[in-house]
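A, B, C, D, E and F are the chain letters, set down in written order, and residue numbers restart from 1 in every chain.
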Amino acid sequence: MIRRLIPHPWLSVTLVLVWMLLVNRWAVGSLVFGAIIGVVVPLITAPYWPGASGYSKPQRIPAYLAIVIWDIAKANFTVARIVLFMPRRALQPAWIAVPLDLRRPEAITALAATITLTPGTVSCDLSEDGRALLVHAMHAPDPEAVLDEIKTRYEARLKEIFE
Amino acid sequence: MELLLSSAIGTLTAAGVYLILRLRTFAVVLGMTMLSYAINLFLFSTGRLVVNAPPILQKGVEVHTDPLPQALVLTAIVISFGMTAVVVMMALGAFIEGGDDRVDMPRADRMPGDDQA
Amino acid sequence: MIAYALYFAYGCFGLALLFCLYRVVFAPGLSDRVLALDTMAINMIALLTLFGIDKGTGMYFEASLLFAMVGFISTVAYAKFVLRGDIIE
Amino acid sequence: MIAEIVVSVLLVVGGFFGLVGSYGLVKLPDPMTRLHAPTKSATLGVGTVLIASLIWFPARHGALTWHELLITLFLFLTAPVTGYFIAKAHMHLGWSRDELPRPAPGKDWATFADPDKASLVDGRD
Amino acid sequence: MSPALIAVLPFIGALLPGLLIRSGRDVAAISCATATFVALLGLCLHIPAIMAGEVVTARFAWLPSLGLNAHFRIDGLGLLFGILILGIGLLIIAYARHYLSREDPVGVFYTYLMLFQGAMLGIVLSDNILLLLVFWELTSLSSFLLIGYWKHLPEGRQGARMALTVTGMGGLAMIAGMLILGNIAGSFDIGDILQAREAIQASPYYLPALLLILLGAFTKSAQFPFHFWLPHAMAAPTPVSAYLHSATMVKAGLFLMARLWPVLSGTPEWFYIVATTGLVTMVLAAWIAIFRDDLKSLLAFSTVSHLGLITMLLGFGTEAAAVAAVFHIINHATFKAALFMTAGIIDHETGTRSIARLGGLRRLMPVTFVIGTVAALSMAGIPPLNGFLSKELMLEEATHAAWQGSPVLVAAMATLGALFSVCYSLRFVWQVFFGPERQDYPHRPHDPGFGLWCAPALLVVLVVLIGLFPAGMAGWLVEASASAVTGTAQHPHLTLWHGVTPALMLSITALVGGALLLALNRRLLAMRAAMAWLDAKAIFDAVTRAATCAAGVFTDRLTNGSMSRAFAAFSLTVVLCGFWAFSTGGWQGATRPMLPVQPVPLVGWVALMVATCCMVAFHRHRILALVLVGIIGLMVSVSFIYLSAPDLALTQISVEVVTVILLLLALNFLPKFTVIDSRDRKRGMDAFVATLTGLGFGALAYVIMRSDFAFSPISEYMLANSYRLGGGDNVVNVILVDFRGYDTFGEITVLGIAALTIFALTETLLAGASGRRLRNWVHDSRRAGDRHPLMLVVVTRLVLPIALVVGLYIFLRGHNMPGGGFVAGLVVAVALVSQYMASGFAWAQERQKINYHALIGAGVIAAGLTGIGAWFAGLPFLSSTYGYVKLPGLEEFELASAMGFDLGVFLCVVGAVMLALNSLSRIARQAGATVNLDPMDIDPSKEARR
Amino acid sequence: MSHLIIAPVVLPAVIGPLIILWMRNDLLLQRVFSVAGTALLAGVALYLNLLAAGGEVQVYRLGNWAAPFGIVLMLDRLAALMLLLTAVLALAVQLYAIGSGWDRKGWHFHALWQFQLMGVCGAFLTGDAFNLFVFFEVLLIASYGLMIHGGGEMRLRAGVQYIAYNLAGSTLFLAALGVLYSVTGTLNMADMALRVAAMPAEDTALLRAGAVLLMLVFAVKAALVPLHFWLPSTYANAPGPVAALFAIMTKVGVYGIIRFFTLVFPQDAVTQSVAADLLLPAALFTLAIGQIGILGTRHLGRLAAFAAIGSIGTLMIAVAQFTPQGTAAAVYYLIHSTLAAGALFLIVDMIGARRGDLWLRLDRVMPGNGLVAALYFTAAIAVVGMPPFSGFIGKLLVMQATGAAPAMVWIWATILITSLIAIYAMSRAGSIVFWKSVELGPAPVPAPAAAAGPRLEPDEPIQNLGDAPANWLAVASVTLLLSGIVALTAFAGPAMRFAEATAAQLHNPDAYVSAVLEGQEDTK
């Protein structure tokens, strides 16, 4: 029953949060209304999200987010330096094929998003079987190192969270 | 500011007119879009220009810009969207039916075809 | 102090807008232009936020939110068009 | 006062990154590298400005608004997808499959796969 | 019997054949004859009164404010013509019954004939010149139908068209003439006009009126140079020719001249125009008639000549001449109708009307011979037949007429005309009836049955009787009608013998000369052949063909289907007219100070200008152009925000994205590049037009922004009362859903209809040939491998619900903050579109079927019901109310009835946008796209689960 | 305040969506509801005419807002008359559409029809300038849908032009309204009239410009030269019944000009004779070009279209006088030309259905043509203004109304000469179509195979060629229109009295203005 009423609990939580941010008023009334929305809207969109969602270890999410935010901040300085000071010829861009251990689409998406948001790399494409991610590195004198970092720093953590 | 806006209106109009004078439907549709931007700005400007005085009543705020032209522009935007959608669809239909996207009516519209004589 | 910071930020994002414009006009390919347009929308959100700080009003929040949504959708649409021709298939 | 300083710093930083991101769009040599600059710097630039606004309103007007946070989250949610799509468009328009590393022997990147296949994994036609 | 009833009777008669035709041809003929007879009887009942000098009238108001009234009058002139029309009409009806063949649709014929008879009778009985005009034009129309009665003959078609054109032209001129005349006289009633001779002839508009009216009369009566149509009208069946083209219609012109004679005649203008035209026509037409081979054609030109004669007499302007004219009208009608019927009999019995193929009919058709000969001799003016009498009078009057001081010119010409007349008359008799019998007639000729010859025989008897006893037979009628024409009591002295007068000498000259001329016929024919080029029909044909051709070329060149010409004309008209209007008014100069320009808006302005210019420069690269549209849209909506219009910005940006999606969907099929197919010159011109328009429009905007309102705008009331009366802080929204909710009601209807139109068009396209064409569509560009990329699908699963929540928020807040039903609808639609983009329309539709039609209908009805709801409170449509509601657990919130309206807007917008996009994407799916079963192309987890 | 004043808008606005909601797939139900709706509309219009005949201008304040702040509907004689004319025309033409089967050649015919009526009625009723724009758009968008009903290449191409041109026209409309608002600060027409009257004479430039732009907007709708280019291909390619209904659409433009330039910008206002100065020459050219077009075209549909243009020329000559007499003549001629054009388009459609195409060529057989021929000639007589029908009376009225005009000679000469052209052209066309030479033998029945690939159903004749009897409903509807013309002729006196009363009301706008702006105690 609960499962059918709230097919994606995390989505419902997110929506309540979104509603609260929108109305910008932390009152009980708003929360009740938000809760209604948190139930109704996922029900409306449920057909477009078949299958279950959720995390196996949600408690690891905050740590992961912290890492990512820190990396984003770092990335911006790195990129700024490259954009402003590095001569064009010195740039060493590289394509990197990242073989994936992740299987869940949500997890793969999270990994790809992380890669894009962090320094010097953009996730560009998925292989036709979904088992590899194509990443472009802006300046990667050592592509192997980048690959390693992705696998260990992000993918491993995401695998724990999701699968 | 008035000069900027009126020159923008003029430029958008000129661009729109130039494009609707082209011979292909797509260019004409683009021209229509330009013209509708121009007219929206124009109609909006008839309320005269004020910065940071949206017509939303708040305590302690006395100055509001003229809301009426805004309401009119809103209506105009919506209507011209509907019209554009139809003209796009019709242009597409004419292209699929006729095989080209010329705007001008072919001669067969005015003269009987020789094949039928 | 906040005023100067604001002016600086205004200047930065205004200039950024011009850079984007340059990339729209002079670009080797379509995807560069789409990228520039997307960036423009994002810069616009920044400018709007600055305007809101400057004027002390939250009136422009909905617009910013919509800019973000619209930027996303239209970029995907342009790209999907380039990739597949049919954007809703 | 502290808030003002923080906000000012954030504004300056945000402005700087916004500018750098767009400058990269002009300066960087090829489309793929140009893709890096705006998706990151502009995102952070705007993010910083939004956070500045988030701090500024309660500090100055005594009213906390969470709207900016929402926009930031939304941008962070969608930026990877736009980047992903623009990259795919780049690949589609400007790259051949031989210039890229292969995902696996005999496999292609999705962009280069057979466009008429109904579902890539199912292999149905 | 009322004159009005008499005038109406033929029209009633016109209905009878149609109603009775199933009962047979005789019934049709008899019914028409009855109507005609009753009318004639009714007319004759008035003879005593008219002879006593009375005018019988009937008056019915029709359109008094114009002066057009159903006023009828019977006076002597009307009586004369009425008797002619009805009397000969009766004979024609009888004659036609036997003349028409079994294949001919007789009912139609009689209907046309009666229509014509009614029109003609209407002319002569009208007491109102506008009413007269109505009947006048009706004769043109009904004669058009009669001439074209034999549809299989091309000559009939051409002749009918020519007659209609020429007489129609005259009729139109007459409209102007009559209006002028009536306006001078201050009334359109003939009785009043006849009293206004001085005023009319003194008016500066006399000459124009005269010319215009005469143009009508001359064309109808086939006067030179409009004589050419009449012979070609002979393509009509002979009864028609006999009726219309000898006895009645062609005399309408004469009637009109006679009718207006008291007010128009007597001036030099009248004399020189009318008499000269008549004279020239008489001589020329008689000359032509000599050489015609076709019997009917000969008679036709002879008719023209005699009409000229009468016209001339009227033109003399003297009362004696008028008397002669009236008398000749009677005489001509009798012998010419008889002659036409004779010609018809000959045609009917021998199968030809060509004089060259006839001859020697004297013994074969004795009855016809007698009838034809007597009538022809009367036409030649041989005593003691009636034609002689009136010709004598004519020659008499001709000797009194001086043309530019020359006393003999008119007499000489008139004699010449008479001479020609003798010649063709004798030729008619001689070459048809005399000479050796031939063996090569198309049919073996013999006299027809009584039914066919009785009518002409009756006329011929009249010819003789009038000739012998003019005073007794026709004196009273001439007296009555001449009195009516001249406006003074006339007592004409009609006798066969006037003694030896100059007229008699001229008459004898004509007779002898005519006979001699006939003897010389062969040599004359050769002469005639040399000048055959002067064929009026050829000229008419050339003129009409040239006119048709010129009109065709003109129309084709002008309205050539060129859109850019239409737009250029539009733009230039707008700019030039606008400039003219502005520059001819006063402007007091700028009264408002300018807002200072900040750097950031300046940057925005630069971006807008650059993008716009690039758009024009790069518009051939269509996708690029769309990207530039995106920039322009962004800049425009940002300017709205900067200039205090957040609602506009929201709407503009969300509409723009939907537009772009729409254009992208269409562009999938359209060419991706526009070819250059206009020349440099055209592009230069276009740029000029565009620049001019841009300058004009920009300048107008500038002037407006620098001027103050002349009056305080009504929006001040809205700002003041938005919250108090409308219950909303967002004044724009309150205007939209309340102050001007009715506009919005129309606006969402527009959107809904647009979507329906798109849907209907899509259905039609998919059903027809284009559906097949689409199925075989070959995409013109290479396509990437995945349609539903995993990342997009996953992110959309979050974005869609969030966007829905945002849409809800915008909807609920719209009354007080920027937003509202429209923007919310667009946001939701865009969110749904993103879902469709991610997973495909087919999959998404299959998962959750949304009936967009129903959404549109529900939206419009919801908005409408909100409006109608007010009726139950006794208030007008769309009257709103609002209040604050407190529900347990929730905060107090405002509930305005206007929100119900806004909900309608929301539903309609969602439905319309989705229906439109759905339709467009259906076209794409028709073009060979396969349908996916999964939301995403690649789903590694699925494989793992397996 | 009678709620029935808004019924002409609400009624179709409800029936249209209902058809979409519940009758999408049931044509019979659609037909019944739609015809019933139109008939009801005609009844309401009749009632409103009786209401308006009292001479008092009726006001309906939407949303109960006080004028000039809210939108008002105004019912005066002219508005009522236009409503009735619309309803009658629509009813007759709708029956034709059903009888001829046009309504099954595509989707949503009846819904669009209702929306079209909603738009037209809304435009006639409104007393608000911007609302007029909105309802112009409603009627236009519905007309787009109807115009391309059934599809086909030419129709779609013509449709694209039609929309594009009218989009430009709508843009101009907004510009004109913007200019007028920027000066007067109001949108209510009566209020605007007051403000224009109070305008200082030395500050009229913007006002004049706005007035002229507005006039041009209406001129586009009315297809006045040189803004007429959209009309021929549109009308010739539109489905017959739709073209017939469009007879009222050009009149909406005429209505706009009459309304605005008698109420807001009368001749004696500070804007002076800004409209008349431009209108009269344009009207003369329109008349000439229309009538020349009748002669010049080789297609019956275009012939009817040019005839429509020509009639607008005549009408506008009368309107451009801006005298009570001219306006009265215009009102009379307007009724006539609407009915005549409607009938002519329907008859042309009948011809096309029986003959296979509408090209004016001698090699086409038209079997069983007696009835159609009679109808054609009747309509043609009415259209070219020959007696005995109302066209002639209308022409006389127009000429009489212009008898004292400075340009009288030009006007009369143009009217008469172009009439001659039209008479010749119409008789030529009629004789080509109906009086064919049998020597040519029967032309081949147009075979679908001749075209490239199978054709869409709409391109095929509605009825089988040959001896199919005319559909009684179709004939009845044409007859209904033609009998309207006959009635207008026979009862010209009463009709003209009504027209004169209408003109008098229009040229004395004070009553209109005070009806709107005074006595508003019960409103918000």
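As a working rule, a contact is a pair of C-beta atoms (placed from the backbone, for glycine too) under 8 Å apart; a residue touches a chain by one contact, two chains touch by 3 or more.
Fair warning: this is a prediction, and the values are worked out from it, not measured in the lab.
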Steps needed, at minimum, to go from chain B to chain E via contacts: 1
Shared chain contacts [chain C and chain E, defined touch]: B, D
Selected interface, B-F versus C-D, where C-beta contact pairs are more numerous: C-D
Far-end chain from chain D, centres as C-alpha averages: E
Maximum centroid distance from chain F, chain identifier (CA atoms): A
Geometric centre distance via CA averages, chain F-chain A, whole Å: 61
Centroid distance [mean C-alpha coordinates] between chain E and chain A, Å: 73
Approximate Å spacing (C-alpha centroids) for the pair chain C, chain F: 48
Gap in Å, rounded to a whole number, between the CA centres of chain F and chain E: 15
Shared-contact residues (touching 2 or more other chains) in chain D: 16, 21, 23, 35, 43, 65, 67, 70, 74, 77-78, 80-81, 84-85, 88, 90, 92, 108-111, 113, 115, 120-121
In chain A, residues with contacts to at least two other chains: 18, 22, 109, 112-113, 126, 128-131
Residues of chain E whose C-beta touches two or more other chains: 556, 559, 561, 563, 567, 642, 646, 667, 697, 700, 704, 713-715, 718, 739-740, 743, 747, 750, 753-754, 757, 761, 764-765, 769-770, 783-786, 789, 791-792, 795, 798-799, 802, 806, 817-818, 920, 938-940, 943
Chains that touch, pairwise: A-D, A-E, B-C, B-E, B-F, C-D, C-E, D-E, E-F
In the complex with chain C, residue positions of chain E that touch it: 599-600, 603-604, 606-607, 610-611, 614, 623-624, 626-628, 630-631, 634, 637-638, 641-642, 646, 649-650, 653-654, 656-657, 660-661, 664-665, 667-668, 779, 781, 783-784, 787, 792, 799, 803, 806, 810, 813, 817-819, 823, 827, 830-831, 833-834, 836-837, 840-841, 917, 920-921, 924-925, 929
Contacting residues of chain E [partner chain F, same complex]: 61-68, 130, 133-138, 140-141, 144-145, 148, 151-152, 154, 156-157, 160-161, 164-165, 168-169, 172-173, 175-176, 179, 183, 544, 547-548, 550-556, 558-559, 561, 563, 565-567, 569-570, 573-574, 577-578, 580-588, 697, 700, 703-704, 707, 709-715, 717-718, 721, 725, 738-743, 745-747, 749-750, 752-754, 756-757, 759-761, 763-765, 767-770, 772, 853-854, 856-858, 860-861, 864, 867-868, 870-871, 875-880
Residues on chain D engaged by chain A in the complex (per definition of touch): 16-17, 20-21, 23-24, 27-30, 32-33, 35-37, 39-41, 43-44, 64-67, 69-70, 76-77, 79-81, 83-84, 87-88, 90-91, 99-104, 107-111, 113, 120-121
Touching residues (chain side chain E, partner chain A) in the complex: 785-786, 789-791, 793-798, 800-802, 804-806, 808-809, 835, 839, 844, 847-848, 889-891, 935-936, 938-941, 943-944
Residue ranges of chain B touching chain C (in the complex, touch as defined): 52, 54, 56
